[in-house]
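Consider the two complexes below, in which chain A is the common component and chain B and chain C are the respective partners.
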Partner chain A sequence: MITQVDNPILEIHDLIVSYDQSPVLWNVDLSLPSGKLIGILGPNGAGKSTLIKAIMGLVTPSSGYVKVFDKTLEEVRSQISYVPQRESVDWNFPASVLDVVMMGTYGKLGLFKRPGKKEKDIALSCLDQVGMMSFVNRQISELSGGQQQRVFIARALAQEADLYLMDEPFAGVDMSTETAIFHLLKEMTAKGKTVIVVHHDIHSAMNYFDWIIMLNMHLVASGPNDQVMSEEMLRKTYGGKLNLLTKVTDLIKQKDFNPLKS
Partner chain B sequence: MMTFDQNAFLIIFTASLIAISCGLLGVFMMLRKMSMTGDAISHAVLPGIVIGFFISGSQRGLEVIIGAGILGIFATLVIDWLRQKARVQLDASIGITFTLLFAIGIILINLLAYKVDLDQECVLYGEIAYLPIDLWISDSGFNFGPRITYLAILNLALVGTFISLLFKELTLTSFDENFSSVMGIPSKGINLALMSMVSYTTVSSFEAVGAILVVALLVVPPSTAFLWTKKLMPLIRLTCGLGIFIAISGYYLAYLVDSSIAGMMVAVSGILFLASVLIQGKKPKFTWELPWNKRRLALEDKQL
Partner chain C sequence: MEDFLYFFTFQDSSIVFVVIGITLLGLGSAYVGTYSFLDKKALLGDAISHAVLPGICLGFILAGEKNPIYIVSGAFASGALATFLTSWIRSNTKLSEDAIIASILSIFFGFGVVLLTVIQKSGNPEMAGLNQFIFGNAIAILEEDLIIYGGLAVLIIISLTLFQKEFSLLVFNPDFGKAIGYPMGLIRLLFNVLMILAVVIGIQAIGVVLMAALLITPGAAARFWTDRLGKLLIIAGLFSVISGIMGTYISFILPQMPTGPWVVVCLSFLALFSFLFAPKKGVLSRTISRRRYLHKTHRDHLLKAVHHGLEQGKKYLTIEEIYESFPYQKSKTRQSIDSLIKTGLITRNQNFIIPTEQGKSEAKRIVRLHRLWELYLNEYMNIAPDHVHDTAEKLEHILTPEMEALLEKRLNFPKLDPHQENIPRDYDDL
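This part shows the complex of A and B:
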């Protein structure tokens, strides 16, 4: 079930990505609407991270192409923002929270220029949006997992982009932070930004995302949440993993009843 | 003849300049987890020096620095290629690359022995004590002073300019390379620029302190400073301060026991590092396994 859209913000055409001859993504062909909160779902090793890395040009596809705003990546770099997986960096790095968030402004600054007051103000307002104002001068080595995630999101906000790609921003984050981040993402899409999130939890995906992409090396589904979220599609995506499948069916049954999350 | 005090000042001054240059680059090498790549570069430049020497016929030619620079970048590329394309572990690919290039350098020295008067001991250990008698004398016979001191001043000026110009790019690519690529900052180019500066600094400091002390100065002061601070600017300042302290104490201890100044400088920095580990080790919040590993590798390298 793959829904294509007119005037897409992102168009992926026949994308194949392989590492060492073994393909990770097969013939992914999709287009995405702008101003939506979009979730990428799929089991481990389904190529979710690889897909967003291919969108940003961090991995080179064997064939196919990606177009953002109907242009090539090089032309629109400043409009794209990225939140990498939290574990991808060493949090022992000698930097303060403000230093890291300021890094988001470096792309627009250009080579050799030092960040000044304008960049600092941008960074502070982004930290305010993620509720981290009281941590401005804290060293990043002294943050909890959820706080690290908020810093990364603030850094992405500081890029002032139109398309945001986030790799597992909810991994290892507690429930209140998860809700707060989802509200922030909703606010961003309300302002016309497009947010694409690699996500693990099927239940919260059903509640929060406008548009869902299901991936298991090949593209299983891409479409509006209410049309795509069905047991059949989940079975196709997570198929063979029986244990998980029962859990998924349970979740579908109790779709609107979850005492932990009410 | 010069008095002892003037010689002592010149030696300490030059050694401090070299220590600061190495420390500034070493901080970023450490933050990139590439301290051992710095080690690899300092050895891998040997064939470049020999070939440059062979072409120019002089140990002081520009060809020597260019040859070393090319070999330094070549070593970095080979290490990267082995790691990414041939799937060799990083430490193994560093070990393979620099030992091979160093061996080629040694063989070249032997083969070209009739043409190249290059002392292997000098390359490895250096001799900063000869600095005051190695003078830069112009064609008209004017004596400018010790040649190596001028090299060290030029080196520090270039390293300082490089780091202050590219400070934000160096910091960002050290912290999060993927993120900087997404923003369109040329992280590979910046990495190669840093490696070229390390190669150049290595060659420029060779005659004074040799390949081994260069590695120690690249690795040990930044690792020691990182035990004391978690902020970048204080880390850089402390590294420079440690460099100066090592130069002064290394010189006077060597003078006392009549031994190698370079060797004593390495010993002092090693003792400072161990003392820092013992003191900071009592504070549980610091993870000091990383610098400890580097130190262990540096020690193994010295036995090589």
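This part shows the complex of A and C:
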């Protein structure tokens, strides 16, 4: 069940991504509407993070392309904001909460230039939006998991983008923080921003997302929440990997080269 | 003493050059090294510093004398080759990073030693002093060397200052940097170049073998003192400069003494000092705070014993009864009694220990936290009542007032704990 849209904010065309030899995403082909809160669901190893990284150009696809606002990524980078997984960075790095959120302004600031008062004000107002004002000067290693996520979201807000891609922003977050973040994301989409979130909890996904993408190494579904959320789709997504696909992956691994690379 | 005055009053212009040189070198290498330490690439610095030796020898062979330009270019070229090979092997084979770095280090250094021996056998009269590149001799820095080594050090310091935010991104979150469109590959390349240059400028004063220590130790030692990048860089630079000057001074007063090892000895001393005595992160400070905590837990337990007495209707306990509650801990118990009297939580009348009003309230608070936590474990985590005591015994000392309020709310201000004992509140009269 894959719904394509006209004038998509994001168009992914026949995307194949492999790590070393093994393909992790097969022919993902989808288009997404703007101004929606969009969830990417799927089991572990389904390629959810890989999809986000491929959109951001952090991994090079074996074939296929991504277009954002009908342009290539390089042309519209400043309009896209990326929240990496919390575990992907070393939180012992000597920096304060404010230092990290200020990084969100670096894109517009450009190379060489040092952030000044304007950037600091942006960072502070973003920290206010995620309710972290009282932690401005805190060392980042002293934060809880939920607080670290909020810092990352504040950094994304500081980018003042139109499209937000968030990799597991709810991992390691307690219930009340999760609700607060979801409300914040809803407010953003109400203002016309598009937010794409990698998520793992089906229950809250059902309640909050407008549009849902289901992945299990291939695209199972992409469409409005009420049309996609069905037992059949969930079974296809979470009911184990396709037997033949796993066998082919193993076969490719044994080759000395990647035959999928164009 | 005479030497000391002679050295530190800078009467001799050659000493001024040496001190300026070692200061710039120390700042540059500490600055680069701190980033590579934070980036967990300390070993790469070690590999590069060993790998410049063949380049130095080739530079010497080509120039036929100790020409600093040839030697610096040679050292840079072989350092760059080693760095490039390390990353090329990593992306094209399945070897692990430590194996690659160890091999590169020993292969390059071995080749360098072979070349050095060849040069020595050749009988070139200029080759005297080439040995100094292994352990360094800061006193031999001449004015013309200073222009090259010092100039490169200034270049390193300026580049790192200009690109501070870019290098922070490189270390903290390179993917994010790439996502906002920064050329992270180029920034990584620039950083590697600066790292090789930092090694190269140290070969005359410190020597190739020990240059890695000057890169990494200042940052590692400074990390004990601060959690801010700006301060970290300043402290690391300071440590490095102090050790540099000390090492140079020692090799000045004791001829035949190489500079590098003494700089490293001074640095190690500063690192050890930081490790032991830095506030908060130092061993001593951590030991003290742990001891304080243990004393506090003992005082808390003593107050609880008094509270249990009150629950059984005893208005006071005798000192012997208290000693009996803590077998084999008499002196510790005496200490706790003394400090509880000092803080006004209990009073002592001859042999009797009587809690004050404040003491009763504090004792109730500890018992309350203990029993609230037991109830929470039992109700919310399904742990049997006879299994909840041990963790409660530990957590009662650290639960904050906010946690207490949350527990009270979640459990709906309960009266009894899982063992059917009263959860004491301040308004309860005992």
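By our rule, the second predicted complex is superposed on the first by the 239 of 262 C-alpha atoms of A that agree within 3 Å, B and C clash if a C-alpha of one lies under 4 Å from a C-alpha of the other, contacts with A are read in each partner's own complex, and residues count from 1 in each chain.
We adopt the following convention: a contact is a pair of C-beta atoms (placed from the backbone, for glycine too) under 8 Å apart; a residue touches a chain by one contact, two chains touch by 3 or more.
Not measured: the values here are computed from a predicted model.
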item: Three-chain arrangement built on chain A, chain B and chain C clash or fit; value: clash
item: Chain B versus chain C as contact partner of A:S78, first or second or both or neither; value: both
item: Contacts of A:G192 with chain B and chain C, given as first, second, both or neither; value: neither
item: Partner chain in contact with A:P94 - chain B first, chain C second, else both or neither; value: both
item: Partner chain in contact with A:Q159 - chain B first, chain C second, else both or neither; value: both
item: Where chain A meets both chain C and chain B, residue numbers; value: 53, 56-58, 74, 77-78, 80, 82, 84, 88-90, 93-96, 99-100, 103, 106-107, 111-112, 114-115, 139, 141, 155, 159
item: Chain B-facing residues of chain A, complex; value: 20, 53, 56-58, 74, 77-78, 80-82, 84, 88-90, 92-96, 99-100, 103, 106-107, 109, 111-115, 139, 141-142, 155, 159
item: Footprint of chain A on chain B - complex, ascending; value: 31, 33, 87, 165-169, 171-172, 174-176, 178-185, 226, 229-232, 235, 285, 287, 290
item: Touching residues on chain A, where the partner in the complex is chain C; value: 53, 56-58, 74, 77-78, 80, 82, 84, 88-90, 93-96, 99-100, 103, 106-107, 111-112, 114-115, 139, 141, 155, 159
item: Chain A contact footprint on chain C (complex, rising order); value: 38, 40, 162-166, 168-169, 171-173, 175-182, 223, 226-229, 232
